[in-house]
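These are the structures, in structure tokens.
Okay, so chain A shows up in both of these, paired with chain B first and chain C after.
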Partner chain A sequence: MNVQLQNLLDDALGFVDDGGERVFLIEDCVETSGAFVLHHFLKHSLSPHSSDAVIFLSFSQPFSHYDRILRKMGCNLVVQRDNKRLIFFDMLMLDCLGREEGKTSEDLLLALYEKIHKAVEICSSPEGTRNITIIIDDVSLLEVAANCLPNLVLDFLHYCYSLTAQFGCSLITLNHEDIYSSSDEPSLLLQMEYQADVVIKAEPLSTGLATDVHGQLTVLDKGLRGCFGNSGKIRNFQFRIKDNQVSKLRPTNLEECRLSPLISHSAAAEIGIFDTS
Partner chain B sequence: MAERICRALRDGALEGEHAPALTIKDSIQSPFGSLVFNHVLSQLSSFIVAQKSQSQGIVLVAFSRGPLYYEEFFKSKGNDVASSNKWIRVLDCCTDPLGWRSKLMESGRIANLTLGTSTTASLYKNVKDLDKLLLAITELGKELVGDGKGRFVVAIDSVSEMLRHTSISSVAGLLSNLRSHDQVSCLFWLLHSDIHETKAIAALEYLSSMQASAEPITRPVNGQRGNSEKLPFLEQNLRGGKIHVRFKRRNGRVRLMSEEFCIEQSGIKFTPISSEAEMIAQSLVPKVQFNLQLSEKERNDRAKVVLPFEHQGNGKTIQIYDGRKSLNEDKPEMQYTSAEKVQTVKDSGRGEIIYFRDSDDEMPDSDEDPDDDLDI
Partner chain C sequence: MAGNKPRGSSFSRNFSAASNTISQIPGLKHGPNGTMFLSSGIPDLDKILGGGFTLGSLVMVMEDPEAPHHMLLIRNFMSQGLVHKQPLLYASPAKDPRGFLGTLPSPMLSKDEKSRDRDAEQEKGLRIAWQYKKYFGEQNSELQRDGKSEYCNDFDLRKPLERHFYSGQQIDCISLQDSADLTTFHDRCSSFLSQTPRNDRNITCAGRIAIQSLGAPQCDFSDKECDMLSFIRSLKSTIRSSNAVAVITFPPSLVSPAFSKRLQHLADTLVSVKAIPDEDKELAKLLTGYQDMVGLLSVHKVARINTQVPTILEATTFSMKLRKRRSLILECLNQAPVDGSTGSSYASSSSCSGSSKTGAIDF
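Let's turn to the complex of A and B:
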């Protein structure tokens, strides 16, 4: 991995200045998955040089999927989970939200908020020096799981935003741009863009498909952190995701079978970044 | 111009009149409405602390940013937090708008944690009930300025958040009630224009006496495709923009003003519109192969053209233009007749236009259509 290129992305995401209490929104589409950005955040937060913690709500993939990918990137999620640096909620398990108990959508989201709040309480250190990152993958599947209107999802996200303000944590959410593009009403995504401090868009190249370059990433930092204004920054990169070696292996258990060919292609061991700005 | 808005809010309401109200609008291309809001809040608080304003306090209804944010904000502006309790109250509709936290705390499912702010903040847990919200706002205001003649400012952090929970008619009702409240000196609110329907925005604009819209300096033309071409525009729009203000005066006249703003470390800074911005705007006019400008000669010729109306608007006697230049004598002329009374001078020797007027009182070029009385 080229250290210099990796730092370009870190710099664009503001890791160099030290984050803490920021809201990131990752937008992607069918042609270009933004999942690799999530993996990058996960690896950064669980780096051995800090004691930061991650609370991960996964609606789209099981734990083993992320474990496999992060292992390739040099990070052992099982160990981190055992060390209480990673609290992983596998929302794919049907009874996780308590749906079978006949609860309303609002009750389900309230229960989810309770889980996150408790997890943040557990992770936060008494001195408040530990950075906590809440990651939600992804919001459109959260909407499906809770079976509710977008407004209720926004209420839930609002409570997550106020958690970040209260405990000084960061919130990273992933959502799909193309799901909302045809709706007549102003979308859930637009409201999330307003709340986010940094919007990261993964898109295909305007010129179409290419073998060497898989897409472009635009990082828009509004510069509105805190109550001060700083000049916003926008950075654009083209990236190439290298093939995952794991996809060639036979699946050995039920969880691994859930990997679809599309996901295994984009599950990156390494990513190459080209700065075009 | 931004100062003008703040002065209008500072001067407040006249006796027996509705309080002045400001709508601050922005959009995702120029999401700086919150900085404009902060600027107005900061200016008004300075006036209040210096006792130069009609109002003696501010009730800040915080929907999208919590009390901690505002405490930091006022600290950064040099306001002493301890004394700020004398002139500001925050109605916290951000921390627990739907009562979820309280529900969990009461049942012991999460720890009962205080927010740790020193600014006096009252928690409001039922944002769907606007009647109670109105009561809460007015009570906080009375707490600040007393029951008598004292007045307070109402600042609403984001009406867009309010509209997520309740209908536009309820929100309009609340704002209208606040405007007509005896003790409200002025009010201002923030709105994201691209989240709502046009009619909701229009309803709120009707309620306000001033509207300030933050807009991007440049909008990328649709023809530009791909992020790399849009990047310079997007970056420019992140550094600043334009603010268009509409003042509605009591006599019904509307005044429009514009300024530029740029984002700095300390917040937002307003400057008059520079010619550079005009040039940037002009350079975005699509380049076509036609000449869209007039040369000097063409302008002069255009000014010399005699218009085919009864008068040329220059005070001279009325002459009918018969459709041909007076130098041309040989061509046969056409004649026009009508059933109305003759009024005007004939052009000697050549063709005539006989025009019958309805009456001598009729003004030249009036809007009355002579065919109106036809019964077809």
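Let's turn to the complex of A and C:
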């Protein structure tokens, strides 16, 4: 039973063997952090069964933070970095206040993109059998580094999306939903949601805090790539985060949805399809 | 899992001499996941946060424009640093921030504490104990009083800090009005933090940064939200690699909601203070001890460095009271007994804290 539950999130996220070329967006809020989903992706990509590579751009936490967390989950990031399976870009100090002479934010983002492109080229094998995942944590801080110009960030992300098509790699980004919820005009987040294949939302329970259930996760797979049979499904889990894993509690089905407010209202309003699996 | 290479780091704990010296440094103590704590200066807050403020973290306090309770937090934080001889940097929008140092409280003397315990003993006799949790706390607090140098002092808010705590101490006071675009302030912070770098060698001391009312309208940069965000982001990055804690207060009502949310996300530990209206009859019926309360403190986020497991607190909203008008204590909100004649029960904090968290039930 436990193994079944463990695979539910993997299944919802589309972790099948042919798992390339997808764009994932993770949304979270102040009350519930979605970083654990990133850690899950990281662990999955660096599993010993495959030779996949990960390019990680970190704007929010230093390497030691992820190293400690993943170590408890059974994955040694230092070793993976030495084996060139993990390329970690520590972007914490990227262009803070003292802007380098003559460089605009555009130049900085361009230089960053060049670095990523080069890293992808290095990682990709000639046969194209190696899955490469690019992870960005998190886009709101990338926006701050780009002088809060969302258009620059969008351009940067577009270049990254083109990489997924060109090299067959996956892109995973994290952003905070509540930052953009107050603005009236179409926001950066809306554009990112539009471009993403899979949108994963981490929210608190509508009933408040609980020690056993840390929040709920809603996974929307748009099935744009036309495969995996996952067209337009919404899955909702409640989760509890532990050091070495995340327990997914039973996903809700249609009957339970009607009785209890466990599915977030926005997801339900988006698409009127409920997955009753 | 981790390979079978002879890499010791996965399996061995470095209980070297470093950890022994840390227990001898008065202001610091070990925390979970390889972190270290320093005290906030308020014993109850340390207990709520599970030990104190994590070294290398950013603490944000959301102010309430109607009451200066965030100053209480800052004062206790700064006094604790001075008592433990930790270097301090203080910044505020005032023209002369040095004047604030005169308002810092002094640690409570031990003889005052003994008389307080005796009073509690006398009162205990005939009380109906229906609020059990209040009594558990008193047993634990007595254990902490042994030993000369305490991790966290109780501060007497009516007595100013004695001169000898200031002498020979490194205290930088900066006025935010001097820095037109935060670059000079940023450089000062960087040079301050370079004195307490984090490395594998022993820790000598920890630093404290207190920034009051960032984003207040007096400063030139208060409309340049992106500059402030860049500054905070760079401060957070620098702090992560040093042994210091920064406490920053900001007024969420005076800045845009998006900016406020960004700051909340940047914070490792997020706390907000709220004023309590005087003479509110409804609140007086709802809560016990309403007359003694000066405000409410809510803990929204607790620092999660080196771990992904969130800290779920039993209660997130606490009442701020001044015990004997001297020391700041934080108590769980206690609902008043339900009035038998009306027969209805009240959710204790949903009306009084008026928080935007929908449906959160705090007792």
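Keep in mind that, in the parts below, the second predicted complex is superposed on the first by the 224 of 277 C-alpha atoms of A that agree within 3 Å, B and C clash if a C-alpha of one lies under 4 Å from a C-alpha of the other, contacts with A are read in each partner's own complex, and residues count from 1 in each chain.
Definition applied: contacts are C-beta pairs under 8 Å (C-beta built on N, C-alpha and C of every residue); 3 or more make two chains touch, one makes a residue touch a chain.
Computed from a predicted structure; not experimentally measured.
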- Message: Clash or fit: chain B against chain C, after overlaying the two structures on chain A?
- Response: fit
- After superposition on the shared chain, which partner residues are touched by A:H176: those of chain B (first), chain C (second), both, or neither? second
- Which superposed partner A:M93 touches (first chain B, second chain C, both, neither): second
- Touching A:S206 in the superposition: chain B (first), chain C (second), both, neither? both
- Task: Could you say whether A:A165 touches chain B, chain C, both of them, or neither, answering first, second, both or neither?
- Result: first
- Task: Please indicate which partner A:K233 is in contact with in the superposed arrangement: first for chain B, second for chain C, both, or neither.
- Result: first
- Is A:E193 in contact with chain B, with chain C, with both, or with neither (first, second, both, neither)? first
- Query: Which of the two partners, first being chain B and second being chain C, lies in contact with A:L110: first, second, both, or neither?
  - Reply: first
- Task: Could you say whether A:A145 touches chain B, chain C, both of them, or neither, answering first, second, both or neither?
- Result: second
- Message: I'd like to know which partner A:L154 touches here: chain B for first, chain C for second, both or neither.
- Response: first
- Task: Could you grab the smallest C-alpha gap between chain B and chain C in the overlay, to the nearest Å?
- Result: 11
- For chain A, which residues lie in the overlap of the chain B contacts and the chain C contacts? 206-207
- chain C residues touching chain A in their complex are 1-3, 5, 7, 9-10, 33-34, 181-183, 186-187, 225-227, 229-231, 233-234, 236-238, 240-241, 256-258, 261-262, 264-265, 270, 300-301, 304-310, 312-313, 316, 357-361
- Query: Which of the residues in chain B come into contact with chain A in the complex?
  - Reply: 28, 31-32, 34-35, 38, 64-66, 68-70, 72-73, 76, 94-98, 100-101, 103-104, 109-111, 113, 115, 161, 164, 192, 194-196, 225-228, 231, 234-235, 238-239, 263-268
- Task: Going by the contact rule at the top, pick out the chain A residues touching chain B in the complex.
- Result: 110, 113-114, 117-118, 121, 151, 154-155, 158-159, 162, 165-166, 186, 190-191, 193-195, 203, 205-207, 216, 218, 220, 222-224, 226-234, 236, 276-277
- Can you check the complex and tell me which residues of chain A touch chain C? 30-33, 35-36, 39, 59, 61-62, 64-65, 68-69, 71-72, 74-76, 78-79, 92-93, 95-98, 140-141, 144-145, 147-148, 176, 178-180, 182-183, 206-211, 214, 241-243
